[in-house]
Structure formats: structure tokens, C-alpha cells
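Could you have a look at this structure, given as C-alpha cells, before my questions?
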Amino acid sequence: METQSTAADFLPIIFQVIVALGFVVVTLIATHYLGPKRKTADKLSTFEAGVKVVGNARQPFSIKYFLIAILFVLFDVEVIFMYPWAVNFRELGMAGMVEMFIFMGTLLLGFIYVLKKKALDWN
Amino acid sequence: MDIAFVIEKFILVTIIFAISLLIAMYSTYAERKVAAFLQDRLGPDRAGPFGMFQPLADGLKMFMKEEIIPTNANKWLFMVGPGLAMLTACIGTAVIPWGSDVQIGDRIVPLQVTDINVGILYIFGVVSLGVYGVMIGGWASNNKYSLLSAIRAASQNISYEIAMGLSIIALLLVTNTMSLKEIVEQQHGWQWNIIYQPLGFLIFIICAFAETNRAPFDLPECETELIGGYHTEYSSMKLGFYLFAEYINMFVSAAVMATLYFGGYNYPGMDWVLLNAGPLFGPLIGTVVFFVKIFAFIFFFMWVRWTIPRFRYDQLMHLGWKVLIPLAIANVIITGVVIAIIEKF
Amino acid sequence: MEQLLLLLIFLPLVGALVTTFSGTAAKHVALFSSIVSLALTIAVVCNFTPDASTQFVVNYPWIQDLGISFHAGIDGISIITVILTNVLIPLIILTGYKHEYKNGNALFALILFMQSGLLIVFTALDAFLFYIGWEAALIPIYFICAVWGGKDRIKVNMKFFVYTIAGSLFMLVGIIYLYLQNPAHNFDIQAFYNLNLDGAQQGWVFWAFFIAFAIKMPVFPFHTWQPSTYTEAPAVGTMLLSGIMLKMGIYGVIRWLLPIAPAGLQQWGYIVIILSVIGIIYASLIAFTQKDAKRLVAYSSIAHVGLISAGIFALNTQGMQGAMIQMLSHGINVVGLFFVLDIISSRLKTNRISELGGIAKQAPILAITALIIVLGTVALPGTNGFIGEFLLLMGVYQYNIWIAAFAGLTIIFGAVYMLRMYQNVMLGKTNDLTIGFADIAGTEKVVLYTICALIIALGVYPKPILQLSEASVQHLIEQVTQKLTSVN
Amino acid sequence: MENMTHQLQGVPLNHYIWLSAIIFTIGVVGVLTRRNAIVIFMSVELMLNAVNLLLTAFSVHSNDPSGQVFVFFIMALAAAEVAVGLSIIVMVYRNTQSIDINVLNRLKW
Amino acid sequence: MNIIITIAVTALVVLYAGLFKAKKALLPITLIGLLTALGFVAVSWNTDQVYYGMMQMDNFALAFSGITILGTLFIFLLTQNYFAKDSENIAEYFTLILFALVGIVIMVSYKNMSMLFIGLEIMSVSLYILAGIRKSNFASNEASLKYFLMGAFSTGFLLFGITLIYGATGSFDLDAINNYLVGNYTSISPMFYSGLILMMIGLSFKIGAAPFHFWVPDVYEGSPTLIMSFMSTVVKTAGFAAFLRLFADTFAPLHDFWMPPLMVIVCLTLLIGNVTALFQKNFKRMLAYSSVSHAGYLLFSLIALTANSANNVLVYAAAYTFASIIAFGVLIIVKQKTGSDHFDSFNGLAKRNPLIAFVLTVAMLSLAGIPLTAGFIGKYLMFLNVMQEYQILLVAFAILNALVGFYYYFKVIVAMYFKEGKEIELETPAQYRVVLVLSVIITLFLGIYPAVILNLI
């Protein structure tokens, strides 16, 4: 069995976050005041390789990306289930392994389905 | 409240933080030098001896440049983006064991910010958060190229994250713990996990390249297609943050790889060294070894960048989903079965 | 012997099934089936011992878990209604012979189906079975009236249906209540009789049942569905409704309400009687003003039924006997009346009294038979109506002289408006409309002759019928009085 | 160190309950008052997370791992729900160019 | 357990059959799978197996599984010619329905709150998609989105309820919770009460009981008819089984506490469902509201908890399921022909299609609760149950509602038989005829001889 982590073990992480956050904020503020400020309309407009800006960037994009995101959510969450199993692999023994393989088999079925449906083909 | 504990941790955090910044800075320098070496030219050589102060000059320039926030952009998110990218890059180092415990006076100081029992998950979480920095920046810029690049970056990252997670699972089957410290301890001497998990490591390192958006997976920054990538609209230190975050990420992933697969601060014959070098220097030698491994990985990263051409986007997705994920699953199954056979349960 | 009853009940069902699929021969099949039923009825009557016992009993477990069984039998009371049903159904089918119905086989099948339901109602000795039959008889008549009815049929029938079903749902609650009170947890009628309910409980049960029966009969003020439904229904539907269906309510009161909740009856009976008398007067007055002969007969029917219900609720032998005989006579008479009107309307397309007249000259046979039927309806001595109404009035008289006086008015009223109608329709000058009126022939003759024969036969020699029911009625009254004394 | 750990561990259960209840209520109010399908959906997720938090708290409090296992289930199924839900929202968006649920009132009662 | 595995495997096989373009094989595979599952139901009868403390295949679970599987089977038979014109992804729809069925079987057999949740979600998530399978149809989109948002919202309530109950009792196990209630009857944690109420709200959402019903008509109307028939029959039945398992068994000791709010729910459900159904001009929408009102009748059995409550729900659910399947089947045929689901499109149906008219009549009579149909037995048992506690007022209220019900169920009968309409001849595919006739036979058989189903549980 794992050693139980206590809340105190996570405290140093907060220290690190504090340090990093401090650094980031201070630097951002510092650069804000350090740099010169000579603003022109051209400079502030969106850069599209020097060509005139066409439309707004807030528009629908390929559904493929969305599909990838959804698939990620699903697969990643399923993978999460394997972590406790992997850590306790030896304690769970044969039964645990068979069960997890069935689980992975199901997952694989889904994966194959996704592949066959050509959800992951780019062109 | 235990003041000594807090002080100790703050000192350690600051040191690690400084080191990672330093390494990131000099990685930029190293990158140019390596590139120059590989392309048979000199590289930066003006600022200081061998151009040693080049990174400092670059940093200063970042500070002093004009800060531009495009009028169409969403101001707050525009600033949060790079900040978040930097922040997540910086906190990833918290769980990496830099060396075994050193004894300073009576006090035993672990060379690790904290050893939590879900260290690997922590790293994963932080790495996933990094995607937000890119996404937010790309979206807030309100620039089609930035957005497209951000989305590409995000989908690339998440695609490879699955394979990465799966390759780690195979490793966990071997180690039975998620604490990085324990994983390192198990690899005492020369029993590095690379021996048990060569395939896992291969998958992991490929994914690591993709996760850090390094060549050959640097599609989000592909100049020919997307101008500057998700940070097209950025300037000054905000741009600096994105670039920096990338190098820090490289450093972190090198450290993680060294920890997980190459024994961390372990090296053959370390017992003898530890016995003779004393409670302070013995572990520090381990730390040095660890950094050597990290540098080797960083060098490898750079070497690959200047050797292998960039993937096409479809090739990238194809590799991630159709090759690495099945391979990783197969790896898990094989590992499981082999362990089961060896342990005969 | 039991098989006889089962046959009686299920033969029409089989008949209905065959009729549905027999194409153009449907009406013959239906008639054949109903005549076989009639023959069976005669067999039953011949085998019936006129005492208080229940005969031909069948008792099969049906849904045992719920204490429901297929328990049926015939005693002196139910035999009257069984005779009524099985005599009238062939006649009604015959009346339908002349009409060209769309989907005629469905119509005849539904009639037979309904016959089955009615027979279940009249023979059931299990409250649940009774309820099932009650509803089973409703569905076919609903369809008959709504498919083959007049132009307002949909609305009118919905009213009729909702009224009836509302009543029956209350009855269902009453039945469930009794079931729960019954320690044996079944629906057996004898067990229900033996329940010891206190006065208040009986009061509730009384109302639960009474509303259902009152709507069916219909007693004032639950009658509002009736005239329009009768008017809109096709002739066969009207005959079924008025001739047989109406008796379900009366029978229900006698079979279920009286013996189970006599105390409730005692408590609330006076209200019912008053309502009945109000109904009689009200219906008669309305009947006076009717311009449509069919509506007039409908209202007369309410008046007659009012008298029957008053007679029953008077709770004495005369009233009860009168109710029995009047059920039969009224059924026959009213079917006759409606048939006469149907003959007229099918030839002249109208039933408005003012448009008719002088039919007697053109169609003397029709006029004579119609006269006999009208006389029977107005209870002329020597016709069947007389015996029933006389006994009923006697019964009511014993209960309260003033009520009897008011009820007696119906006879006079009835005579006035019926005869006036007869006069206006049959006698008088032949007008343009009635000039080409053809006299009755074929099946029409068969039906009307039979009806007239029955009217006269029952009027002259009612003894066999009275004998059939006497013992049972006597027994019922005894039972009720006994129970009343035990409660009080 | 001991002291600190103790303090961290010693957050009374009631606080968790109140916190979760508040988060949950925020979620409910969000669902009921917002008109944007995505925001509604996020409010729902907030409700689920309140549940997760509370389950974990109870689980630790009563030293019974099943509560945390339940959290896993909730997360997994919430992920499935997210996948389906977002797809539905995208589908609706493609047909209507809007994710305001007020637009979706062609079916009236 | 075999049942769940069978259905799940069938679902996967169907999915893959679709992948390899074996369209003809889809329905046969599905039917074989479902029949096998039914076989397992029959085989495991009276065995009362408990699986790892998570699921209990007692007769209750098996009976409800049987009915839901049978209902699904019928609905599958109605798919003939249905999906083909809508989409290419028939196999996916089949699979989703089967997955939903897996969830349903879990829902009716759970012994642990986590299984309730998982079953519910497996079912719901599948249904969210199914509601929206007409991707370009606006109503379908909207139905899907509404169903999804409401479903997720109610899941939140359910989960919070479960959590509070877990906090109070320290367990998700139904027996343990029950033991807690019995053991600490005098000192039940207030958390438990709030948890119970939240669960009640969550489940009421799911089964569409008022005042949490507002999504039902919209979702039902927007969804494709076939999916609606699945949702309003099989899914609803499962929801009640889940409700019942929890409240009638586990929470039974607290009956006095949760009965009054439930009574309010029942009355509201009946009233709203019936009165609104009355004013509908659209058959499909009328069925949606009528399904709300039937939820009210079904909840009746929980007001007076007796040993028969579960069985009464079973009978009612069976009656309701088969009658509804008929109604939906006919609706699909009519709509395919006339393009409308208003009452008017049924005008004059009886002339050319006596069989269709007859089966629909029987279905309506059953839904209205006329004797000799299964619906009557169902209603009768409900009334009987409540009468046992002498809740006369409630019964009277229900009767009034039943009357209203007659009115709108007869609307379609009126349209079919008594109104003149275009004389349309409907094509009734063979499978439809099988389903319709079988359902009518079941409806009538259960109405005339209900003894077979009365003592199942």
C-alpha cells in the first residue's frame, strides 16, 4: 500500500505556486512599465501576414478538432481508471488483471470503432 | 506552524526556480550553438566570450520592448495566457526528486520540494494545464492564425497525452507507486526502468517531443503556415514567457524522463561513492549526475530539432492516434502479462 | 345445467365473432345467433324452479389473487331481465334488417357483443364480474350510437359516455370498499350481503352505487344525457338503450344496492323517491312540449323509469313486483314505440310531429299495431303496462299517499301526451309528406306483431312472469328487513 | 509540523457540507437563471463538483474508500456527459447559429 | 448479470456489424440478442442472485427487466423502414437503444446507489443522443438539448441526495441504509432527510412527474416518434422500478416522512398531465402529456405501501407499455402517410384500415382504463392499493382525472370512426402488424386473465 500523503505534503507545492506566481506577476508588471509606448492603429490591428484583416477570428472551425477534444476527454478519463489498478497491480492479482483487460478490450473496441469511422483521418 | 520547515521549503523552491530559469535561458543559447554546430557554423559569439551573455541580452531586450495589445484582443485573457503558460511550466518541478536526502548539520533536507504519493499525476495535471495558456493566448489574440495554431497545439497536446498516460501505466505496473521519489529509489544503481520499459520509453519520449511542441512536432509554430503560431500577436515579455515556458517545459520533461526511465540521481557504483563522499556531498554527486542526464536529454531534443524535418499535421495525428496509442496499449498488456508470468499469480 | 348459463353468456360472443367475418350474411348470422339465445332462454325458463334459490350457478376461480371469480347464476329476479334481453335482441336485430348500414356486420357484431355484456350484468354473482359486464355493455353501445348515429352524435355520445363511466367509477370505488370490508377478500355477492356495515358506511356505499345506477336509469337530475342520446342514436341504438340498458340500472338497484346497503336506503331512500317523482312530473311536462316524437318517447321513458325507481325504493313487495314486471313491459313497449318511429322516419326522414299526420289511412296495419303499443305504454287495463304500473303505484301508495298521488299523475299525463302524439301522427289529414306512405311488410310485420302479441299476452295473463319472480322478490324483501332490524 | 497537519486535517465536516451546499446552490441558480447553454452546462458541472467534493469529504471522514470510488464514477460519467452534451450543443449551434436557450422555444407547451 | 452482458455484447456486435456494412443483419442480431436476454430472465427466475453486493437479480428486477426487454424488442420491430430515410447510421441507433437498455436493466436491479447512478447515466446519455438523431431537424435538436440539460440537472440533484445519504449512513448499500434507518429510527441525521428529498426530486425529474415534468412534452414531441415511444414506455418503466426499489424497500421506514410530498407530486402530476392533455390537438403531444399523467397513477402505489405495491407498478407499467407501443406504432404509420400527427390525420381511418383502427382502439381503451383491457387491471390495482389506506379523497381525485382521461383518449377513437376524412390506405409493414397484433393480444390477455402477472414479484 502507498504511503498516505497528508494535506501537509501538498503545502510546499503552494509555496512553489506562490513563488512562480510572484515572478510572473512582477515580471508582467515590470515590462508593462519598462517598455516604450508608441501606439499606432496599424500596430494595434490584428496581424494577418501584412494583408488586410478579413472578418473576425471568432468563427467556427473544423469539427475535427472538436472531435479530437471529445475523444481525448473520453479516453483520458478511461485511462485514469488504470492508474489505481497499475499501482495496485500485484495486490489485485489475476482477477484484477483479467478485469482490467476486459475493460481495456472494451476501450479498444471503442477505439477501433472510432478508427473505422474515420474520425481520425485528416485531409 | 513549523517555521524551519517553511523556510527550508522556500529556500529550496527558490533555488530550483532559479536553476530552472537559468537552464531555460541557457537552453536558448545552447540551442543556437547546437544548431550552429550541426549546420557547421559558429552561432552567437558577440556578447561575451563565445557569446555567453547572449541569453542575458535577449532577456533584457524582452524587458525593454514595447508591449502591444491588439485592439481586437480580449485584454485580460491576452495577459493571462502567457502568465498561465509560464506559471504551469514553473510549478511542474515541484515533485521531481533532484537528489537523495542531504544532511546539513543535524537537519536532513530532502532535495525535493515535496514527495507526494501522486507525483506522476501531479506532473500530468500541470502539463495539461499548460494547454490552457496556449489556448487562452491564441483565442484572446483574435487572430485567425493564432487561433488555428492554438487549436492545433491543443489538439496535438491532448492527443499525445493519452499515449503518454498509457505508457506511464506500463511503468507503474513495474514500479507499483506513483511517488517519483520511490520510483527513483527503486532504480538504485543501474537498475534503470529503461531496461524494463524500452518501448514505454520510446513512446514517452515521442510524446514528450509533442507535448513540448518541439520539432519535429512544432506545428503550432510552423512559420510557413501560421506566421508565428499562437504567439503571433505577442511582444515583449509576454512573448518571452511563451518562449521561456517552452524551454522550461523541455527541461521539466527531460527531468521527468531521466527520473522515470534513467534512474534519476542513481548511477552505477553510487553506493561506493555515497559511502565515501559523506552525507552532504554524496547526494550532491547524485544530483550532478541527474543534471548530466537532463542535459543529455536537452541536447537530444536539440539534435532532433535540427535533424528531422517537421511532420505534416495529418501525419502527426496519425502517429499519435493510430500508432502510439495502440502501441502503448499493447505495451501495457505485454507488461502486465509478463509480470503476471514472472510473479506467477 | 351450469353449461346452459355459460352457453347463454358466451354464445352471443361467438355469434359476434362469426358475424364480424361473415360479410353480407352478417345480419342473418346475427339473427340466427340471437334466436338460438332465445331458444336457450326458453330452455332456461322451462328448467327454472320458481323459488327463491339461485339456479344454474357457475362458479369458476378467475383471478384468484384478487378474490375474483366467474360466479354467475339465475334467480327469480335475474330471469326476468334475461328473458327481456334475449327476447328483445332478436327483435332489435330484425328491426335493423331493412336498413342499409355501412359496415353492417360490425353493427350486428356489436349488438351481440353487447348482449353478452348485458347477460353478464344480469347474472353476475360476483361484484367484479358485474362491473366488468357493466362496462362491457357500454363500449358496444357507445360505438353503435357514435358510428351510426345522427349528425350531433359525437358530442352527444361523449356526454353519454362520460356520464356513464363516471357513475361506474364511483360504483367501482364502492365495490372496492366492500371488498376491503369483506374479511374473506372476495367479491362474492353473498359475502357482501353478509357484511355488517354500520349506518354511515352503508350511506357511503349507497351513494357510490346509486350514482352509477341513477345515471343509467336515468333518475332526475342525472338524466340530462338521455334525450339527446336517444335522439341522435340510430334506431337500434335507441332500442338497446331504452329497452335493455336502462334496466341495468334498475336491476343493479334491486340486486346490489338494496341487499347490501338497506340502511343507506332507509336513510336516503326518501330523497331518491322525491327525485323520482320530480323526474316523473318534470319529464312528463317536458314531453308535452316536445315537437319531435323521438324526444317525446325519450322523456316518457324517463317518466316511466321514475315510477319504477320510486316503486323500488318504497321497499315493499308490491313495488318490487311491479318493478319486475314493468321492467319487462317497458322494455317491450319502448322498443315497439321506437320501432314505429323508426319506420316512419326511415320513410319520411322526419320524426317531427307537426309534419306528420294521417298515416293510418295509408298504413292501417302500422296504425293498429302502433295503437296497441301506445295503449300498452299508457297502461290501459288488459295491456302489459297496466299490471306493472298498478303494482308500482300500490307500492308507492303504501310508502306515502302523497307521493303516490303525484306518481299517479304520470298515468294520466302519459295517456295525454302519448295519445296526442298518436293522434297527430297517425290520424288526421294525410298531408303531402305522408301521402305515399307504404304499409309495413316483411320483417317489420314480424317485429310489430310479436311485440303486440307480447303486450297483450302479458296484459291478459301475467301470472307466469309474476310467478317466476315472486319467491325471489319475497326473499329479497325479507332479507332486507332482517338486515335493517339487525342494524337498527 | 504536527500542529499544522492537525489543523489541516481538523477542518470540521460541517464546513465541507456548507461549502458543497453553497457551490451546489450556485450551480442550481446558474442553471435556472442563465440562458446560454454552455453556461448552464457549466453550472451543472459545478453541481457535480460540489457533489464530488462532499463525497470525498465524507469518505475521508468515515474512513470508507467507497465514497472516493464513487467520485471516480461520477467523473467518468460526467466526461461521457460532457462529450455528448457538447456535441449536442455544437449540433444545435450549427443549425441555429445560437446557443441561447431562449431561441429554442419552437416547441411550446 | 447474464442479461446485462448479453445485451451489452449484442450492442457491440450490432455496432460492428454496422461498421462492416451488414445492414441486413442488424435487426436479426438484435432480436436474437434480446431473445437470449429474455431467456436468461426466465432461467434466473427465483434464483435471487446478488452480484458483489452491487446488483440483485431478484424477481422484482427480473420481472421489470423482462418487460423492458420485451418492450424494446417490440420497438425494434417497429424500426422497419423507420430510420432508413433519416440517416445512414442505423447500427448506431440500434446500439444506443441497446446501451440504454443495459442501463435500464442495471437500474432495475441495483442494490447499491452507485449502480443506480451508473445505470441511470448509461441510459440517459444514450437517450440524449437518440433524442437528437435527426440532426437537421430543429425540433429534434431542441429536444435533445433540453433533455440533456434537464437530465444533467436532475442528475445533479440525485447525486447530491445520494451524497447526503452516504454522509448520514456511511454507505451506498441499500441494505446498509435500510439497517441504518431501522437501527437509528429515533435519531436519523437531518442530512438523510434532505438527501431523501433531493433524491426524490432528482428521480421525479427523470420520470417526468409534475412539477418537474416541464421538459417532457417538448422533448417527447421533438424526438423522433420511435425514440419517444422508447422513452415514454421502457424508460419510464425503468424509472419507476428504480424509484420503487429505493422508496418502497430501502426508505420504507420513513414512509410517513416522504409520503406527503409524494402525494403532492402525485396530485399535481395527475392534474397537470390530464388537464393539459385535454387541450392538445396533436396526438403525439397528447401522448406526451398522458404519459405525465400515467406517471401520477404509477406513483400511486407508493402512497400506500403494501406488499403488492411493486407488483401493482409492474402490472400498470406492463399495461401502459404495450398500449403505448401500439399507439406509437400506429402514429408512425399514420405520420408516414399523412405527414402530420394531429388528431385530424386520423379522421376516417377505420374505413380503410379496420385492423389498425381496432388495435389503436384497444390501446386507447387500455390507456383509459376500460375493463377487459390490461389498463383497467392496472388502474384497479392502484385504486385498490390506495383504498386500503382509505385515502378516499385521493381516490376520488384520481377518478375525476380518469374521467378527463377518457375524454382525450376517445378523441382519437372519435376521429378514426366517426369523422369523415380522406380515405387513406396505410401500408402496414409485416413487422408492424406483428407488433401491433401481439401487443393487442397481450393487452387483452392481461385484461381478461391478469392472474399470470399478479404474483410475479
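Labels A, B, C, D and E are assigned to the chains in the order they are written; within every chain, residues are numbered from 1.
Here, a contact is a pair of C-beta atoms (placed from the backbone, for glycine too) under 8 Å apart; a residue touches a chain by one contact, two chains touch by 3 or more.
A quick map from chain label to UniProt name: A = NADH-quinone oxidoreductase subunit A; B = NADH-quinone oxidoreductase subunit H; C = NADH-quinone oxidoreductase subunit M; D = NADH-quinone oxidoreductase subunit K; E = NADH-quinone oxidoreductase subunit N.
Please read these numbers as outputs of a predicted model, since none were measured by experiment.
Hopping across touching chains, the smallest step count from subunit B to subunit C is 3. Chain centres defined as mean CA positions place E nearest to the mean of all protein CA atoms.
Relative to subunit D, the most remote chain by averaged C-alpha coordinates is C.
Relative to subunit B, the most remote chain by averaged C-alpha coordinates is C. Rounded to whole angstrom units, the spacing between the C-alpha centres of subunit C and subunit E is 43. Each chain gets a centre from the mean of its Cα atoms; for subunit D and subunit E, those two points are 28 Å apart. Between subunit A and subunit C, the centres computed from C-alpha atoms are 82 Å apart.
Once the centre of each chain is set as its mean CA position, subunit B and subunit E turn out to be 54 Å apart.
In subunit A, the residues that touch at least two other chains are 11, 76. The multi-chain contact residues of subunit B, meaning those touching 2 or more other chains, do not exist; every residue touches at most one other chain. Per the touch definition, subunit D reaches subunit E in the complex via residues 13, 17, 20, 24, 27-28, 31, 37, 40-41, 44, 47-48, 50-51, 54-55, 58, 61-62, 64, 66-67, 69-70, 73-74, 77, 80-81, 84-85, 87-89, 91-92, 95-96, 101, 104, 106-109. The touching residues of subunit E, when paired with subunit A in their complex, are 12, 15-16, 19.
Across the complex, subunit A meets subunit B through its residues 2-5, 9-13, 15-17, 19-21, 23-25, 27-28, 30-32, 34-39, 41, 43-49, 56-58, 61, 65, 68-69, 72, 75-76, 79, 82-83, 86-90, 93-94, 97, 100-101, 104, 107-108, 111, 115, 120-123.
Contact residues on subunit B toward subunit A in their complex (touch as defined above): 6, 9-10, 12-14, 16-17, 62-72, 79, 82-83, 86-87, 90-91, 93-95, 113-118, 121-122, 141-148, 151-152, 154-155, 158-159, 161-162, 165-166, 169-170, 172-173, 176-179, 227, 232-233, 236-238, 241, 313-314, 317-318, 321-322, 325-326, 329, 332-333, 336, 339-340, 343, 345. Across the interface of their complex, subunit E is touched by residues 62-66, 131-132, 135-136, 139, 143, 146-147, 153-154, 158, 161-162, 165-166, 169-170, 172-173, 176-177, 179-180 of subunit C.
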